[in-house]
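You will see two complexes here that share chain A, one where it goes with chain B and one where it goes with chain C.
Presenting the complex of A and B:
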């Protein structure tokens, strides 16, 4: 039952889930997933809806049996030693998995008992968790009377009750207001930073993955298509900054494209949209739009503006667009995350 | 084990803190039972003092046209010997005739067993007084319903048991029952005597040897008041007991007649040594005549024996040994039983009658109606309790349980245990509330369910297992939740209809298919002070085990996610 401290928190080996399909080819929901999640890190599984995130997390948490492969939690196989593996993890599903007719405290006590906690120790843990999720004053109220954000907090609280080494959070911010979302994201960071907990976080929200994650795995059609830190991922796809400049179309000449490419360091490509095309791309009136693709956007920006000024081109606005996970996903799949 | 109880307790708390569920599970059956019990069992003003069963209001309608047995028997005599109306009067006039004191004159040429029944059940009525067969209450010994020396201490006689109204119109009698005026109406059909007494159906063959038609079951109808089921069942049992004695007597007479006719053989009409007495002659003169004839003529000796035998007299002047033995043991015994119904089948009522006397009518109806409603509504809790596994899966609480270090077997066992506990609590609460309501309405504390408490608990546990098992089976059989939503209530309604939850009753063979029948019968038995519910408990437990066994086997796949 004890945690094997030397083993990674999560290790999956060729994890595969296939569902039979009557009269057709079997559906491969998860294909040969190999992951290693180290202790104390926030690891995000990023992908669009239907990519296989929940199926993967369901296999890792022992809810469904893998068709092939295995997952190890703190060194315990989820298929051969499920009780030992489950004791190490807390589970926060996407849905608010609580009994609405029971109070917050009753829900916590119930699930606490299923993790083997009873008596005074359980009551103490419940008090701690209620304080952590800031719901001590509402502990006796039924869940059905809570707001969406409060329910989400209790949902997380249940997962934390037995002080697990690892906590799974499956899209925990779905459907809540920005204020509660911010609160949950802060809680996740707090779990890692203050309690040394390992967090496996699934989301289709690129911003959340970027903000929280030490490492990210991007999953699509049941396969891991990229894995690493955010920087590693953008480097993998050759990510460049993009300078978007709004300029007065009257002073523009096609020669400036080659001048910029040759004279400003790191510029790989320059694209000009005249006023009529720029209008289609959000431009106003006689202004044109100039896109400059460059390795270090902020560093190159002064040189670009000086060169344009010297050529008599009036720069009206500037925006620096750095490469992100959305861009990575786009580059890898040709689709946006939210498609 | 601890986790199993944790899951079961969660279901119990979740169910009994849900206001909507409580309305369906408790309030609805309580309201229904109370309304029905008030409608049919009277209220505080009706019988709060707890009327005794000694005053059961019944109506009796005698349509019996009787028979003229003498006319039939006369056909046995040679042509020209007009004994019609006389022979049979001799046999059924009075004890004085039987003992040969020769003081009683025949008063009628007909015989009406319906009148006898009226005389017994309504001894003070004018109809009884005018009964042609003169079974007046004065002639009836005080018949205890139980044999002397019984430890029940119950000594009510038929006189005290019933408050009988004699009517002439069956429609009025039925209306009186439907209006709640009578617990039952006893309707005696026109051919009652004819069916009971075989000599009403003599069939002469060749004018010499006759055959007696078989005795038939007499179809006396007991039209019962569903709102007074206990009183009606007492009236029915008493009536059946008495009619049963009549039938036995008829059978005895049939046997006697058969053997007599066989032994008499063809009559020698030339042997009639003297003319018969006048038709109006005293009975003793007739018996003496027959005896004299019998001295020289075996046929008349046998006839005299038959006549004497019908009058039940062991002291008959006729000395034929075979005839006398038949008369004494069969006919006389059957007639004697008429006047001591306690010695017959009525004795089966002695304990219930004793205990039921202590219960007001409202409480008795409440036991019947309340238990049927309680079990019927428990069926819904059983089915929809198991069905809630679909809700648990939808709201991901099932997944959350399975993601904890808790085995699937533990989760399933806890879930099913919870369902049994929820049903058990529902039954226990309904029983308590129903007895509380009865106490309020009757304005005195009363526990309507009888006892003992351990049998009540055993019974409720057996019902809970059966009901929850049925729920598992129904959910296990259905492939989708929607199927259970349709199929579950259908099964419950069917069982409710068979089990009498809707106020009508089906034949016992069908009713016994419903667990509600076994449950309500057991509750009723306990309420009457009886404790013999082991068959009911066995049937319920075996059904429950079967339901659970098959149901769990089908149901376990519902935990696959």
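Presenting the complex of A and C:
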């Protein structure tokens, strides 16, 4: 069966991986995962360490056999037609999977040959990839002499060499500086926008998933606990904005709480921390802290400030906290992502 | 096929890109083979070795003198101590032991300074008539295995038989002469004018007998055979070249365990496996690389052999067959063990342990011919022993393919079993 363009890019059915555990109960690394990744989208798999991201990617790339279930890449079963499925995908492992003794170019050439590219065509593709990852001038240097960020870029380059329809990127920004990280995130967006590539991106960093993805699946303890666009996910947990205001405690009176709740549209709850409590929560000196939970924070903000000013309360700083994937994860698991 | 070739070529390229590997595959093996080859050959360039035998003669007579002369004549490779000692003290005599006593000589046998001790009785070859009934035997002491032929004992026995033979013939001859003399006398005639004439005849007869005895045409005449290579340093290399070859092939090929382990931790193996490449192609590529490395290692060391003059060209196909079978066997071992390596360090230690055990056990350091028989038997659990047997048959005995079929069979059989285990256990995950 050729890739007919109609099947979803990735489809997993009851994908499960259980590792035997000496003496203990078996480790269920991935439990019954059912995903559909459409063509041309950036799909993120967001989850903390040990959630099962790498195990999932390993199964849908044919690296390890699922204990149960199957995955279809462009309609090809990874367990029954691995060669056809593998030809469609590029792979950027979590580790820098490069031969340290070889140069960047030699690494690209070797892996390129494994995808059936040889001769002048291969050399042209290598040149293109080197230009794309901006390492043309260092191409002859051995990988072991590269910085972490440069290695990561070559690691991505190898995955792109055969111009796959689909690319897996398993935490491609781990352990590198903000500048290189920025570069990689831009690259990922470029791949979707300019080359129409489908990207399956895993990360444990909420900000990355938020910035990149068209859709996100949150994975925890091997299970998909939420899936959708970011809007859908925040809605799902009844997401509200939170206005954090620092105010001069001198003008404050408890009645202001009910005034705010009644007079500003959309406010559901108001919380006041007096100066001594606010100090524990990061406040300074005589300033108190006011938390206003509201449907649409930016729209409500002018009314809140005006009301406070009229009551003689001096507002010193304001922060609008919109609900994010972190909040979603917290709501669903009771834990922070970074734990 | 192209993919297999690509994988094998990449592994070899990476291997030879690392300067350290040139040292361990070329420099060290060359130095060790040269050193060992010369060391084995040294000290033997004075021709075939002589064997020490102590001879104690309590009373020197013409007869004992003759015993010594005949012993030398019968076996030229005997060094009779102390009389044949030379300036270099080949007899290993201690100071003040110009002529060892029987007790001292016995000690010398026990600590290997001499191979045997022969003690002549004090009444050696006195009057025959007396000796017949109460002769004391020649005493022979040695650590030799009594079930195996001993060159010293055989030589002594040959001389004694010769002496006794002379006696018997003389006795029979003179008895006949005396009988004829008596018969003649009855006819009034006489064979001998007087007693002196008879003595004269007896002496002439005896001389003739002795001459005959000492020149028996049927006598087994032992000549130490010159080895196929005239140069004795070559003998050292004929052991060192195949021995070091087998050992360094193990080092080089078994190092693959650590490389495979590293490729799993570095994820380069996984990256290879996510490409449209089958497990069989990866295995064939990797195994092919180590097979080639093993053959390169053998050829590097055998080049030394060819350079010092071992005539290797004679049976090149047989030599290559042994090398290939041995390398396959070790490659199989590498793949059988590699999946079980937890760390790179563990793999490197196991590589050393296996190489340094199987090499001496299998006769890579010294010929198995010099170890006790049970060690020779045990040694054959090492593939090195089978390879060394085959190399010996080819290099020492000029054998061809038809002479090494057993060894090839054993090595290839082991390779097949080990590869079977390795293929079943081959793993790609970290």
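Everything that follows uses one rule, which is that the second predicted complex is superposed on the first by the 337 of 339 C-alpha atoms of A that agree within 3 Å, B and C clash if a C-alpha of one lies under 4 Å from a C-alpha of the other, contacts with A are read in each partner's own complex, and residues count from 1 in each chain.
Simple rule for what comes next: a contact is a pair of C-beta atoms (placed from the backbone, for glycine too) under 8 Å apart; a residue touches a chain by one contact, two chains touch by 3 or more.
Computed from a predicted model, the values in this text were never measured in an experiment.
When both complexes are superposed on chain A, chain B and chain C end up clashing with one another. With both structures placed on the common chain, the touch criterion links A:189 to neither chain B nor chain C. Contacts of A:99 after superposition on the shared chain: both chain B and chain C are touched.
By the document's definition of touching, both partners, chain B and chain C, reach A:64. Once the two complexes are laid over each other on the shared chain, residue contacts for A:87 go to chain B and to chain C alike.
In the superposition on chain A, A:299 makes contact with neither chain B nor chain C.
In the superposed model, A:113 lies in contact with both chain B and chain C.
Between chain C and chain B, the overlap after aligning on chain A sits in one stretch of 93-101, 165-173 or 183-191, namely 165-173. Note: residues 58, 61-64, 82-83, 86-87, 89, 91, 93-102, 106, 110-111, 113-116, 118, 158 of chain A belong to the chain B contact set and to the chain C contact set alike, using the contact criterion stated above. On the side of chain B, the complex with chain A involves touching residues 2-3, 6-7, 10, 13-14, 17-18, 395-397, 399-407, 561. Listed in rising order, the residues of chain C touching chain A in the complex are 2-3, 6-7, 10, 13-14, 17-18, 266-268, 270-278, 428-429. Chain A meets chain C in the complex at residues 58, 61-64, 82-83, 86-87, 89, 91, 93-102, 106, 110-111, 113-116, 118, 158. Across the interface of their complex, chain B is touched by residues 58, 61-64, 82-84, 86-87, 89, 91, 93-102, 106, 110-111, 113-116, 118, 158 of chain A.
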